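In what comes next, subunit A is part of two complexes: it sits with subunit B in the first one and with subunit C in the second one.
Showing the complex of A and B:
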């Protein structure tokens, strides 16, 4: 007779997350319906002011910008990451290539943002290099605009997209591509019609790993963006730390969370159906398998 | 006696498991003998690597620059000297970061591993709640987590400091550990556990002598992921940190306005070099890590 210890095992984590994740979130929801206190904080009085304030045209502009910057950056990231993952999966030296992808991420991300500032800045590397080859002697401002924000966002989240894509492409049966070619598909057709549906799971993960953090981005637009590149994350932070309008910060947070949630739900549920179909087509849906090292470690 | 039998059988089951894995691996290796060539994607890959390393090259370059500005004025070790001899604030922030990273990763690893063991083996009423709660923080924008924790700490009157940073880091680390350990546990044959129980092991013995050893790669990658996430985190820490609890990212952030001192570049170069030397020999581990 096997006793059920499930609850005993799970209770510590459940308690922790209830207390430090669910409860704070509940407070945010409550705060978004309260009146703003005179000196920060809230008054215990029901009010929809914080939601009415969302209709503010500046805020709508920021929300719209956040959405398109996130979509553009995510799309670019995924488009670059797919061939990279493919190339790593095909390589004879996968571990080495993965290592190369991960190394830059052991530098603190603020330091890397700052490095980008010194590359793109007025007196930065790029302008100096352009001047050397006799281009734009007056120097071009690459920094503090939306292009810079998208570029640095893509830079920051590429590995988060490359890793899951690599692991699904690595499990993809490459002989299917040959089969497609034998059946008369062009190379491009074989990639798009045979490989893409089979790696859908990896694409979904990669999109989630990039879109969500980019949508809530705070540091990148603050440090490499200009006045016209503020995103919702910056507005929330300003409301909390500068204006101290907690209800408004809460209502914007709720909106960001809901928008992310809806996007994630729509995206996963739609792609999920297709992914299921794709899975049925793949005769060898093998589970993930780690390399020999971990197996050796486990016997020890 | 019972413990001895139990150990031997666990060993044998593990060996069997190992052999099965090796067989599958062999099949995969054979598949790789077929020449695969991908020139276009290869070119893209190396361009991306160049792109990823560009800021690192800039850091490296500036860390040896004599002057503080962007212009190259000559080679010097002055920033390295300054880093080791004259940067007490930076080292304080660095040690805070390490302390928080290790402490929060430990807490998250203990809680997350236990929960993963529970949900992978049993059905119970809380199960859905636990897995939902472990998924949500990952899909929640960081800034929302940070703001909500700040409001929460203010509400219960907890003073912002190392303790609040530790709580926050443990909270965002938990789901990752839970997920990595769960993935590992899903892979192994549950009959090993049944066998251990049949041979008379208690629940605790089973946990420490069978489950944890088998799940160790997952637990280790969970712990390392947690340490990395914690060392890197800026947004959440920014909201929940108070006086005396400055972590390295916060310290760097406070410098950025005045232009980061090349001392930070020197520190980054040393940290990257250190991590590369530590991890390069174990790079195969990354593959396991990536396939999670």
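Showing the complex of A and C:
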């Protein structure tokens, strides 16, 4: 008798996820419904205080900011990643270019953020260079604002967008662009009307890979943002380490998880409905190639 | 007559060190079904892409109706292409694929519908308008590609090996359909193919190319009956080639001492002096094969040989005959009449091959 070992193979994976994903998530859910302890921690007593506290206007401001910063950074990332993926797919030396995209991962991400601090700082490379070519000697304030946060977020998550976009564009049939040009489309029209719809899958993946981590960003706004660029990730950290309101930190976490979950669900279900119709068809439903005679009979 | 003249003047194109086109000039007439024929890598597709505007010639120009279009982008040229891979847009239905050029031009919806259905009717695909290309068979995809390329009412339709992905029977059918579409729309067709049968059966004129050079332009009959070079003679259909020095010439009858055949006479208008080496060709269907020696006639060449391999294919048998001189001759014998019991020519038979001096053609002169 043939035994199915599929289940057995899944055990390590299931254990790992239970231990390090499901269990912590469960703890957060439980904490969010408890009373806060005096110096952090929780009191074992049911309470909805943490959820009531979400209505705080400061928190709502931060939530809105987190949303628009994430949307802006994701859009920018995708806009840069599409031409990037395109040029890698078209290049003769794909392996080398892909390698260059991945190289930054060899450096710890905190180090890379500090690298940006030393580039953008008041005495940083950028200001020094500007001073050399005659801009104002006191320099410009590049760091510690919204713009710096978006810039560094885009830098951080660009590779996550380039890789899936590259792999989709690489499979794209470039003759379709020629066909579009031939049929009267300008270069731009051929990209928008023919290429974009056909690399939709890659765009969806790239958006998910960038939007989700950016929505929960913590280190980037902390290190290159100012007081006005706090994101939800920073508020949660503050609730844990400074204000020591663990239930509130948990309820904010739950909100972030739910919001991204709902956003991702809405986004993918809408996009997939359009993209997958053609692909999901059963290949057996394809009509057989008619022979010359049967076609002739059909025609007459 | 609708359609445009296409004039290709001294076009050269290189890709790196590879010279794809070497100083090619062509005059294609309005409404002509014109084929570019040659083996793969001969530059025919490159020439088509230069005409379409996908490649820019290094040297030379392309003109439609006398107007130079060399600098124009593909979307600004009044010609459309049917691609080898069809290049249908997978995300659009058949209807929207055909409507694509109209959508780009922002044609009003009602007119789009009318035009698309008229062109789908031309290729008998009205019933499939709402399908996606992935649901169509190869032949159907091909027709969508043709309808889409015609909807802009181009003056020139460029076809890049459009039938190569279809099976043999369907290919024959689509070829006839292409011919009838050409008759209906009346525009210039430029048809790229490596298949000489396809080119011979539908073209008004054929340009034979090899290694980036244009070798010969002519009607199918001219190309087949009067090849201008050994390459053309061998590439178009099957043939027998022989070569040797001219030994005598009287009137328009040339006698040559062909290697492996002996003395062969050819009727030809060419002006050749004795001593010059020439190559000549005679097509297999023009040679008679018989067990008995045919009666001597003034212009009849007779060669003896042994049947090496008969290849029966129903309507005819192809014989490969080894001559006494060590050469090999291919002969086709049509089976116009057949009755059981009549002895046929078989393997290892001693046979006589005969053909008229009028049926052989001198191809190249002064060969080395």
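Methods note: the second predicted complex is superposed on the first by the 276 of 300 C-alpha atoms of A that agree within 3 Å, B and C clash if a C-alpha of one lies under 4 Å from a C-alpha of the other, contacts with A are read in each partner's own complex, and residues count from 1 in each chain.
The rule is short, and it goes like this: a contact is a pair of C-beta atoms (placed from the backbone, for glycine too) under 8 Å apart; a residue touches a chain by one contact, two chains touch by 3 or more.
Just so it is clear, the structure is predicted and the values come from calculations on it, not from any experiment.
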item	value
First, second, both or neither for A:134, with subunit B first and subunit C second	neither
Partner chain(s) touched by A:180 [first = subunit B, second = subunit C, both, neither]	second
Partner chain(s) touched by A:197 [first = subunit B, second = subunit C, both, neither]	second
Partner chain in contact with A:44 - subunit B first, subunit C second, else both or neither	neither
Which superposed partner A:13 touches (first subunit B, second subunit C, both, neither)	first
Touched partner set for A:237, first subunit B, second subunit C, both or neither	first
Touch count on subunit A, higher of subunit B and subunit C	B
Partner chain(s) touched by A:57 [first = subunit B, second = subunit C, both, neither]	neither
Shared subunit A contacts, counted only where both subunit B and subunit C touch the same residue	286-293, 295-296, 298-299
Subunit A partner contacts - residues on subunit C that touch it in the complex	52-54, 73-75, 80-81, 83, 85, 87-91, 100-101, 103-105, 124, 132-140, 148-149, 152, 167, 169-173
Residue ranges of subunit B in contact with subunit A within the complex	11, 14-15, 17-18, 21-22, 24-25, 28, 31-32, 34, 36-38, 40-42, 44-45, 48-49, 51-56, 58-59, 62, 69-71, 110-112, 114-115, 117-119, 121-127, 129-130, 133-134, 136-137, 139-145, 147-152, 154-155, 167-168, 170-171, 174, 178, 183, 187, 197, 203, 213-214, 216-217, 228, 231-232, 234-235, 238-239, 248-249, 252-253, 256, 260, 264-265, 268, 271-272, 275-276, 279-280, 282-288, 290-292
Subunit C-touching residues of subunit A, taken from the complex the two chains share	173, 175-176, 178-187, 189, 193-194, 197-198, 200, 275, 277-279, 281, 285-293, 295-296, 298-299
Of all residues in subunit A, those that touch subunit B in their complex	2-14, 16-18, 20-25, 27-28, 31, 41, 80, 83-84, 86-88, 90, 92, 94-104, 106-116, 118-119, 121, 123-125, 155, 158-159, 162-164, 166-167, 170, 174, 208, 212-213, 215-216, 218-219, 223, 233, 236-237, 240, 246, 249-250, 253, 256-257, 260-261, 264, 286-299
